[in-house]
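The structures come next, written out as structure tokens.
First chain A sits with chain B, and in the next complex the same chain sits with chain C.
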Partner chain A sequence: MTRLAHTRAWPGIALAASILGVCFVLSLALGPASLSLDQIWHSVTTGPVSGDLSNAIFWEIRLPRVLLAFLVGAELAVAGVILQDLFLNPLTDPYVTGVSSGAALGATIGIVLHLANLPWMAVLALIGGLATLGIVWISARRRGRIDIFVLLLAGVTIAYLASAVVTVLMIRANEDMYAIVYWLMGSFSGRGWSEVEIALFAMPFMIVPLVFATEMDILLQGEKRALELGVEVERTKRALLITAGVLTAIAVSVSGIIGFVGLVVPHIVRLLVGPGHRSLVPVSLLVGAAMMGIADLLSRTVISPNEIPVGVVTTFVGAPLFVYLLRRGSKR
Partner chain B sequence: MSLTSPRRGPAAVILLLVVLTAAAVALVALSACGTSDTASTDASPSPSGITVTDDAGNTVALAQPAERIVSLAPANTEIVFAVGAGDKLMAGTSYDDYPEAAKDLPKVGDFSNPSVEKIASFNPDLVLATGGIQAGLLKKLEKLGMQVYVLEPKTYDAVMRTITNVGQLTGTSDQATTVVDGMQKAKDDVQAAVGSLDPAATFLEIYSKPLMTAGTDTFIDDMIRIAGGTNLGAMAGSGFPNFSSEVLFRENPAVYIADSGSMSKPGPIAKRAGYAELDAIKNGHVYVIEDSLIARPGPRLAQGLQELAKMIHPEAYGTE
Partner chain C sequence: MSLVTLRDVDFSYDERPVLRGISFELADGEFVGIVGPNGSGKSTLIDLIDGLLRPDTGEILVNGVATRSYRRRDMAKQVALVPQHFDLDFELAVREVVQMGSYCRGKDAADCGDTALTLSRLGIAELESRPFTELSGGEKQLVVLAQALMQRAKLLLLDEPASALDVSHQLRLFDLLRQLNGEGLTVLCILHDLNLALHYFDKLLVLSEGKVAAFGPPDEVLRPEILEAVYGVRAYLHRHAGRTYLTFSPRLRGERRGRVHLVCGGGTGAGLMRELVDAGYEVSAGVLNALDTDEETGRELGLQMAVEAPFSPLGDEAHAENLALMSAAELVIITAVPVSHGNARNIVAAREVLASGIPVWADEGVLASDFSGATAGLADAGVRFFPGTAALLEAVHARVERTPAAVRD
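What follows is the complex of A and B.
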């Protein structure tokens, strides 16, 4: 405990922030339209103007997409940290709470009703995700307190149920099947500022785990011990679970289901900066954003004019890195 | 964090990379075995019966014209009705919606997952299937002794050949010839109108999130070319590939056509982020086309082809 509490957070955060900065510049400078650095600099300095195609590529396509990838990566990584540490389960990712499956159900309903090109899709996904969180929440409440293990089981069960309904809808809405499959795969293609605006709503929620950093550190030793140490366990859990649920629902609603970042980024960061949340939360946020940014950069450039689904890239980038760090970490 | 054993880490990563490479090789090998499609109209109306070759290259032989037909795709159903054999159609799929009478047919299930039992229960003497997703089903049907004709045409002309073949199989060659003549006339008219014009760079949107288009080896690609356009989607490969938005803007097509219907409504295209800067939108050359007119390999492609030509070269039709 004492070691954790006194680990200084700033060097790690500064390093992660500079990595993210490099990713930001790279993501804006590189792209399938091969804008020259001159054109990019000109677009940056003139701001968004109409009547200039490369300006439109920069301001309307590349920049919002990069920002969206960063936001979604950060959201999933922070949600991953919260849920892994609340559930005390290393295999937890933002999708076990059933929120993503609920969001997928909402989006599928949007597709079946042919609302795919309207902000409705994101709104329906958000509603689906939050409704699922509510159901899971109610299932897990016993005499005023939340049983984490019941919550986990209820989440997984609701996730299966929602997936089953999605499958039924896919079969019924035969020719919409591809749209649903593509949505489930997750992508930043065709997303613009309207999705960025939705993703920005997550910003205040990303601060919540920082506020509860000390409580989260103590909760790692179990709820009983935390109670003895004077932590308001139920209030903390409530705030954190809602936060993780909202972050996941927002991320899924704008990008579909993109795996691996929420599972692996918290682990990678834990291996690098340790389990103290004062470092773990902000560094995970930044690394999650950077990893998703790089994955999307590769996704849109490697086989242009085609795109590789970004979830595939996150796995390709993340899996070898994670295995390497695990091997290294296990020798500590 | 200590580095007491720096070698173990890389070893595990290398092993992982080897596995991934093996998977990649398998993937490449898998996609290399393409299928050949050559529907030929060497139908031999020999006294012994009817013999035609389908789009999968299989020979289908009937002793007499089919009387009990099951269709496994909306396009197939349209063709059977168009050649005048609709009364011989026992069942179709739940997505058949044209012509009106097709909706009332008994259904054997979905396009992607029809029920073998249900198909067999109609005791068909001819099953009209498609390739790709139904390939696994074909073996089962053939094992049950059914005659299966696979419709998987990849060009406008191939669709005409396919219709001729279906006419042979159903004993309605005369009406099939009328349908095919109509399609040929539509093609001739379009070529007469736009054949001498400079091809216009055309982007055809199949879906918007992610952006998807029609690539090579599709009859859509073929029809865009006949209608006097160059298909931007062809640069993304075959089939229905996804397409980078940035490349779309870099190529800046003169004509933007969005498909509407089965997958989604494209919505207000000009209002999408950045689209206002595209030449196609600036010049008002942005259109929505009914999905079933260009994406269903049946007789209505003739109408789709004419609409495409009017969209790609409005000047040739005096509509601009």
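What follows is the complex of A and C.
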């Protein structure tokens, strides 16, 4: 007896992976200074060398930036899948847990203290995000169980609180206001290998929802039914919520708050491959990466040499696509 | 060894007690129904057995092991539950939903039930590829049952599985459960339809206000007096074509009222009997011939009656019994019964108690259907006549309202 989800997963994954591959090449080639495929191939084969401009652009600027965009997109999309399905609420995005606001607070403190030297800001943002996750977690615990709705409320409340503190800090430190606002909007501009290293810490966490794919399928029927069918619901929830929190914290810490990817990608992928997590998680991961890659590509090319904040681009790209797919889905 | 054992189980949600002192055992292979009013703790009881809830005091053993020490996956191998409410907002195919049931069996293929086989067993093989969200309520119910069967557990708990099903699907479902039971599955099923409970189950557990009101074979447990105590309604047992059926008074049990004796027969008293019983009167009747329609109705209602052998004129013994019943009543009513020499003594008896001060009321119709002359001069003797059953009934109720002390005991 093969599971349906198994048989259906591979074509979707293969397609998403090839789309991501095309995105990868395009993102590496295009930018304020475009690289030809020859130049890219040359840079890849020779490795980083000094004195060659296109080689330096490739290794020092383009490649880390593209990788970072892919990683952040993948992290947000996977976190979005986890949270939407745990909350059984399609409007959930990775930022409802309050983790992003905590991270923003951490980054703001970094900027105000003039620790703007990276990766200190990223580290502070990560600490802020994880601390928020801890606070939300403790508030939602009742007799050893995590109440998912209390968690949602606590997350939203703490998000407001952290935002209020950020606002106060912004007013107090008016000369840094621009830096704070720019950070909050989210960008991959000026990010390098140290951010990529931080983002790479998320890799093992992206495996977690794949391990729990069957449990997540069953949890779509609600926590009680999952218990009846033999799922250790609390353990599963704990693992998944921590995973989503850590993924969000890492993503926000290296890129700021980039909206829409975590909300929209799981929806788009669900419409395309269905709600089974064996397909949904890996395809969302790949599509999230690709979407963020394209968004970053647009952000740095459309009004080059200036940049549009990538969060603005994700919204511009994601919103019409989402509406189109929703309408198509409802006609079926 | 019993499959499930409950010993003195108490359970409360926060401070509100739901179950108190529940003790019973379920043996391997039993087919047991749980009935009881809404809020009597039925669903809570099956959640406790499945280990989803923990008892406050007492213990619950499944297969000899306390439910609290089970891991969920091991429990799911022992106990499958079909919930009352089930929905899914995501577009999963029926096959995928059913497949989830085998989660507790792990990835070992030999250990897993077969999805297609389980679905065809339930007569819904054609649903396999359909999205679950597009199914009707009854189909969803069957898919959830299929999901539960995939657990291949020893015990199947069902929470009102028939509530979303039409009558033919209900019967199919219970036939199927019986069949599964025949293959060794132990079934514990909550249901509201007492006639289904009466026909299908080996044993019934009656819950009332969180306690076991009765536990045993259906015909011992579903007795009118127990049902009246548990549900507060009047229930009647009828035999029809060799089967027993329960019917219920359309009205809630009235408060206890006085005693009324009916002189009736041939179906002229059946309606009145039922109305008076429903209204709370203690009703007696006689003399009636056995197998007479009124006699049968009276028997179903559990009335005290003076009865004579079928198709026989009434004899001295029955007459004396009837007189005793009449004398104990506060009111005697003569329906529009045909009077012949066979039953004329009933009119004589009525005259007798009228003379001793017990009021006698009669339907005018009796005068027209008197073939013996026994009713001549009844009006002069003080019998009040009414133009039909409805008028009689109205007068009885009015009488109670006017002179409560005289009629109530």
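Throughout what follows, the second predicted complex is superposed on the first by the 323 of 332 C-alpha atoms of A that agree within 3 Å, B and C clash if a C-alpha of one lies under 4 Å from a C-alpha of the other, contacts with A are read in each partner's own complex, and residues count from 1 in each chain.
As a convention for this text, a contact is a pair of C-beta atoms (placed from the backbone, for glycine too) under 8 Å apart; a residue touches a chain by one contact, two chains touch by 3 or more.
Remember, it's a predicted structure, so these values are computed and weren't measured experimentally.
Chemist: Do chain B and chain C fit side by side on chain A in the superposed arrangement, or is it a clash?
Modeler: Here the two partners, once superposed via chain A, fit next to each other without clashing.
Chemist: Output check: A:Glu307 vs chain B and chain C. Expected answer is one of first, second, both, neither. What do you get?
Modeler: A:Glu307 contacts chain B only, not chain C.
Chemist: Report for A:Leu88: first if it touches chain B alone, second if chain C alone, otherwise both or neither.
Modeler: A:Leu88 sits against chain C, while chain B stays out of touch.
Chemist: Looking at chain A, which partner touches more of its residues: chain C or chain B?
Modeler: Here the partner covering more residues of chain A is B.
Chemist: Go through the superposed model and pick first if A:Lys224 touches only chain B, second if only chain C, both, or neither.
Modeler: Once the two structures are laid over each other on A, A:Lys224 reaches chain C alone.
Chemist: Check the residue A:Ile57 against both partner chains and state whether it touches chain B (first), chain C (second), both, or neither.
Modeler: first
Chemist: Classify the contacts of A:Ser187 with the two partner chains as first (chain B alone), second (chain C alone), both, or neither.
Modeler: first
Chemist: For the combined overlay, can you note the least CA distance between chain B and chain C, rounded to whole Å?
Modeler: Minimum C-alpha separation, chain B to chain C, in the superposed model is 11 Å.
Chemist: If I apply the document's touch criterion, which positions on chain A are contacted by chain B in one structure and by chain C in the other?
Modeler: In chain A, no position sits in both the chain B and chain C interfaces.
Chemist: Hey, which residues of chain B end up touching chain A in the complex?
Modeler: 1-6, 8-13, 16-17, 20, 93-95, 110-113, 207-212, 235-237, 241-247, 249-250, 252, 262-267, 272-274, 276-278
Chemist: Which residues, counting only chain A, touch chain B once they are in their complex?
Modeler: 31-34, 50-53, 55-57, 59-62, 64, 111, 114, 116-118, 171, 174-179, 182-183, 187, 189-194, 271-272, 300, 304-307, 316, 319-320, 323-329, 331-332
Chemist: Quick one: in the complex, what on chain A touches chain C?
Modeler: These residues of chain A touch chain C: 1, 3-5, 88, 214-215, 217-218, 220-221, 224-225, 227-233, 270, 274-276.
Chemist: Can you tell me which positions in chain C touch chain A when the two form their complex?
Modeler: Of all residues in chain C, those touching chain A are 50, 52, 71-77, 80-81, 83, 86, 88-93, 95-97, 99-101, 103-104, 109, 112, 114-115, 147, 151.
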